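Labels for the chains are A, B and C, by order of writing; each one numbers its residues from 1.
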Amino acid sequence: MRRAAGLRAPHPGALVALALAGLAAAAFGALIGAAQDRPSVLALDAYLRRILVFSLGQAALSTVLSLVLGAALALALARRRFPGRSLALAALGAAAVMPAIVVVFSVVAVYGRSGWLAAGIEAAGLAPRPNPFGWPGILVAHVFLNATLAARVFLDALSRAPAEHWRLAAILGFGPRATFAHLDWPILKREAPGLAGLVFLLCFTSFAIVLTLGGGPGKATLEVAIFSALRVELDFARAAMLAGLQLAICLSLTLLLHWAVTQAPVAPTERLPIARPDCADPRLRLLDLVVLALGGALVLPLLAATLEGAAALPRVLDGDLARAATTSVTIALVSAALACAMAIALAGAAQAARERRRGRLAAAYDVLPALVLAIPPFALTAGLFLLLRGRVGATEAGFVLLPLVNAIGALPFAYRFLAPALATSAERHGRLAALLGLTGLRRLAIVDWPVLRRPLAGAFAFAAALSFGDFGIVALFGGAELRTLPYLLYERLGAYRLDEAAAIGLLLVAAAFALSAFATRMARC
Amino acid sequence: MHTPLRPSPAMRLALGLPVLAAALATPPTPAAAQERPTLTVYTYSSFVGRYGPGEAIAERFEAACGCDLEWVTADDAGSLLGRLRLEGASTRADVVLGLDMNLAAQARALDLFAPHGIAPGPLDMPVAWQDETFLPYDWGHLAFVYDTTRLETPPESLEALFTDPEGPSVVLQDPRTSAPGFGLLLWSSAVFGEGMADAWATLTPRVVTFTTGWSEAYGLFLEGEADMVLSYSTSPAYHRSVEDETRYEAARFAEGHYLHVEIAGATRTTDTPELARDFLRFMLDDGFQSLIPEGNWMYPARLPEGGLPESFAGLIEPGEAFLFDSDRVSAERRALIDAWLEATTR
Amino acid sequence: MLTIDACRLAWPDFEAEYALEAPAGSMLAIVGPSGGGKTTLLNTIAGFETPVSGRLAFDGRDLLPLSPAERPVAMMFQDNNLFAHLSAAQNVALGIRPSLRLAEPDRARVAEALAAVDLSGLEARRPEQLSGGQRQRVALARALVSRKPLLLLDEPFGALDPGLRREMIAVVDALRRSRRITVLITIHTPEDVLDRADSLAFVARGRVLVQDAPRAALDPARDPAIAAFVGHGAPAKS
């Protein structure tokens, strides 16, 4: 397509991308600028090398396991209809956003020395005591969080397969093997690089889980070093440089993943009732049974362990909780809206670039959302705070930064849900829209909205749940005015009230479950 | 607020955000309260939470000073210091309460604190107090807490705990991220000196895990994951008083225990220096100190008139108490952590 | 001969009952308003919808007990006829063996079918490297290699511009004549098939209102729905 040369208003997505890059750069700059006295140079000493090797190893292993189990679960759930299936889908969503501290205590409650598994083993008269600390704990926690995420994303993608393909499969007599090779595998393959990048980053920057379940100081991530530089040593320059190192590693890995697998264009159409030809295969039936049992064995006990908090529920239901819940809900809504708006703008920009045959630019837009995960929230918040310092008070800064940083944290998830939907819409109506001269917001409202509505509801619910359970930067900016539910949880933990902390943890998981159930209903997968 | 049901450009939302934030941040206090000065005190969250002494302290102080006391909280002492570092001279804090002695040198280095100019008088602490910037308000011994129904014969010394390969399992805090975790490092350095690294190497196989903070470690201990947890000698008092539970005890170690002293100071930038000083004085009075034992579960810096509550009876009484000079702590921090890292990952 | 007799389908919000006949080797155009049940008719023949009553037979053989794969049916849609990760030749080969493990004679059949739709030399191209018309030709080639005597085309050329659309219909017409394939084609531009189809069925409200020679079937006088479809009172353009 030829187009008159001339100035074109920048796509909103370009502005979002610039704003994100600007925020990150400004935050880093402010940190380094504030380092005043000690311009410490970052030496890649033995300690850093060791945690780097460990971080890379655990993140790679967690990613592979999460994607394999996630794909198997998604396929099993796509093939099978059973009572409670929608509850299972909601459970997947709730598990994927469970706050790290709640996951840690759940892992211990189930697999710990005095956990359920130990009780079972003892009752069976067997000797060995389970010890979750070390690799097993880290992997269980990471796979719990990320296989569930992968299963949701994969299932979403599988359900967007064109209905015509399923009809062709039926007419051409595809067996289970051909169904997998021609229908499922290309879809899984298309989603895998982006998802792998996301999961890898989540595991690579994992903090509380790795530290607490790791069992030894050698099992730490760069994020731990950044945290201690920022909060214990108050060495901002070191923090900024470590954060830069983390960003560089994540950037190269993400790019590697992105360009290693070329993306096939997506062209799904309306979804009609699909009868998968492979449902009746007895071997697949057995496989799915095993996979679902395995997934259930991983997810359900850890979710159920949060129910231990139910006993103390009556004691936490008070004014404090109501206020904290209100604050949490407000922040979650604002950051979810912000995350979704940014994701739509970026995905739109990527799509526009693709239509203009500028593949690299499109790829850059695709990579950006996952990449923001590599910016340590502690460092980002601290840097942005330094920028705001003196202009607004700390509390006001918290009100701005908290939703903003949470939104940035939720952006990659929102993007994973929304970008494929926008691509679908472009594939289906792009030419028509171009013909009618529909652009910008009008195109969004008329052309994309019908396709976008459902994934948007899902993305919004996911982002809200994620932000709802986020503790991260509240540590710095919480307080009387910004007391969120996770903050309240830590406050009670710090006052010996473990049972009440568990009750608040249960409330967080319940909220995530409700949001996830809503998203599942909207997605109808 | 924009709802998700109508997509709108990200930029508009982003621009709208500060407005929303400003609306949310509008202080609820009516303008009528303008006459009363406000004292802003930074502290850590559990001090003013539902179970902390903060609210009662504020009531008592406000009754005496004719002012408003506003608590501003960060998660823990480390976050508190991090927040001060970030805010710098623009901080709203008049008083900062809740740092500990091991952070004192770094806090001093921020050049934010003013000399308190108060003669504290006699304090009920194991060490004499001479610091001109900070005043202590409570203290405790670091100690290993255990469940008497599960561990019958706890080790009698730090050395026994560290070096007996058959000794109990422990859950500790990571000294890189946690105050008591770093305190244990200092404690071990005081007891073992040159042999610290080797002692840690023999302990490491029995360390269940190093957690991010005190809360996680104590939680794991209560869940039954370890025989002992690094906490404070006063922890059993909580279980006795609140839960009527007597099975938790702290082990008394022959070499002595490291002290955890919590401190407060007034900022240089305060616009109400007199009020800040009044608060620091009030902090050592009965009205404040009597709330500490069963509010913050620590020993008061000065015993209130009624003495200690019943729940504190029978707590261990260590012999020697260690407390390193804060400048030394600051200077040695990285070397200690490096040595610890080396020893625990051998 | 395809025979559909009182095939009744029922959903909570839609009901259909079809009856029509198509002699072997004929081309039947199916025309009518959107939502009137054209696609449902094809889906019923292909086996994606199960009638509650009625009869569906091809050359005297009852189709109803058969699965889509067992029916003598090949099908082609407006979009998504091809799998994006497979080459043109592989997409055609799916019509012979979904596992794609082809013996030499099978390969020859693929090449022959691609030649029949004028695509020789493009065997290795992926769908995204083909034009819209070429993609539909690949789908036609696949229908040919499957050797199914009944070809169902669901708005197959709706996305192509008029010249290309007529050209494609000419290709279909030639193929069905040379290979004696029975073709059912739904189309919203009946003028494209007036000179090629043997008969035309007008489908609306879930019924075959009229089946007759193409021009005669579109006479507005026969039914108000037909009048509304072709434009008030105006005869169909040719």
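Basically, a residue touches a chain if its C-beta (ideal position, glycine included) is under 8 Å from a C-beta of that chain, and two chains touch if they have at least 3 such contacts.
Since the structure is predicted, the reported quantities are computational estimates derived from the model, not experimental observations.
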item	value
Chain whose Cα centroid lies at the greatest distance from that of chain C	B
Closest chain to the centre of mass proxy, which here is the mean CA position	A
Cα-centroid distance, chain B relative to chain C, in whole angstrom	78
Centroid distance [mean C-alpha coordinates] between chain B and chain A, Å	33
Rounded Å distance, chain A centre to chain C centre (Cα mean)	45
Chain C: positions in contact with at least two other chains	none
Contact set on chain C toward chain A in their complex	46-48, 67-71, 73-75, 77, 79-81, 83-86, 94-95, 98-99, 128, 146
Sites on chain B touched by chain A in the complex	1-4, 7-11, 13-14, 17-18, 20-22, 24-25, 44-46, 48-52, 70-76, 78-79, 81-83, 85-88, 90-92, 106, 174, 176-177, 182, 204, 207-212, 214-216, 218-220, 222-226, 235, 238, 242, 297, 333-334, 338, 340-341, 344-345
Residue ranges of chain A in contact with chain B within the complex	12, 15-16, 19, 47, 50, 101, 104-105, 108-109, 112-115, 133, 207-208, 211-218, 220, 224-225, 227-228, 230-234, 236, 318, 320, 330, 333-334, 336-338, 340-342, 344-345, 382, 385-386, 389-390, 393-396, 399-400, 403-404, 441, 444-445, 449, 452, 456-457, 460, 474-481, 487-488, 490-498, 501
Contacting residues of chain A [partner chain C, same complex]	162-165, 167-175, 177-178, 182-183, 186, 189, 264-265, 267-269, 275, 277
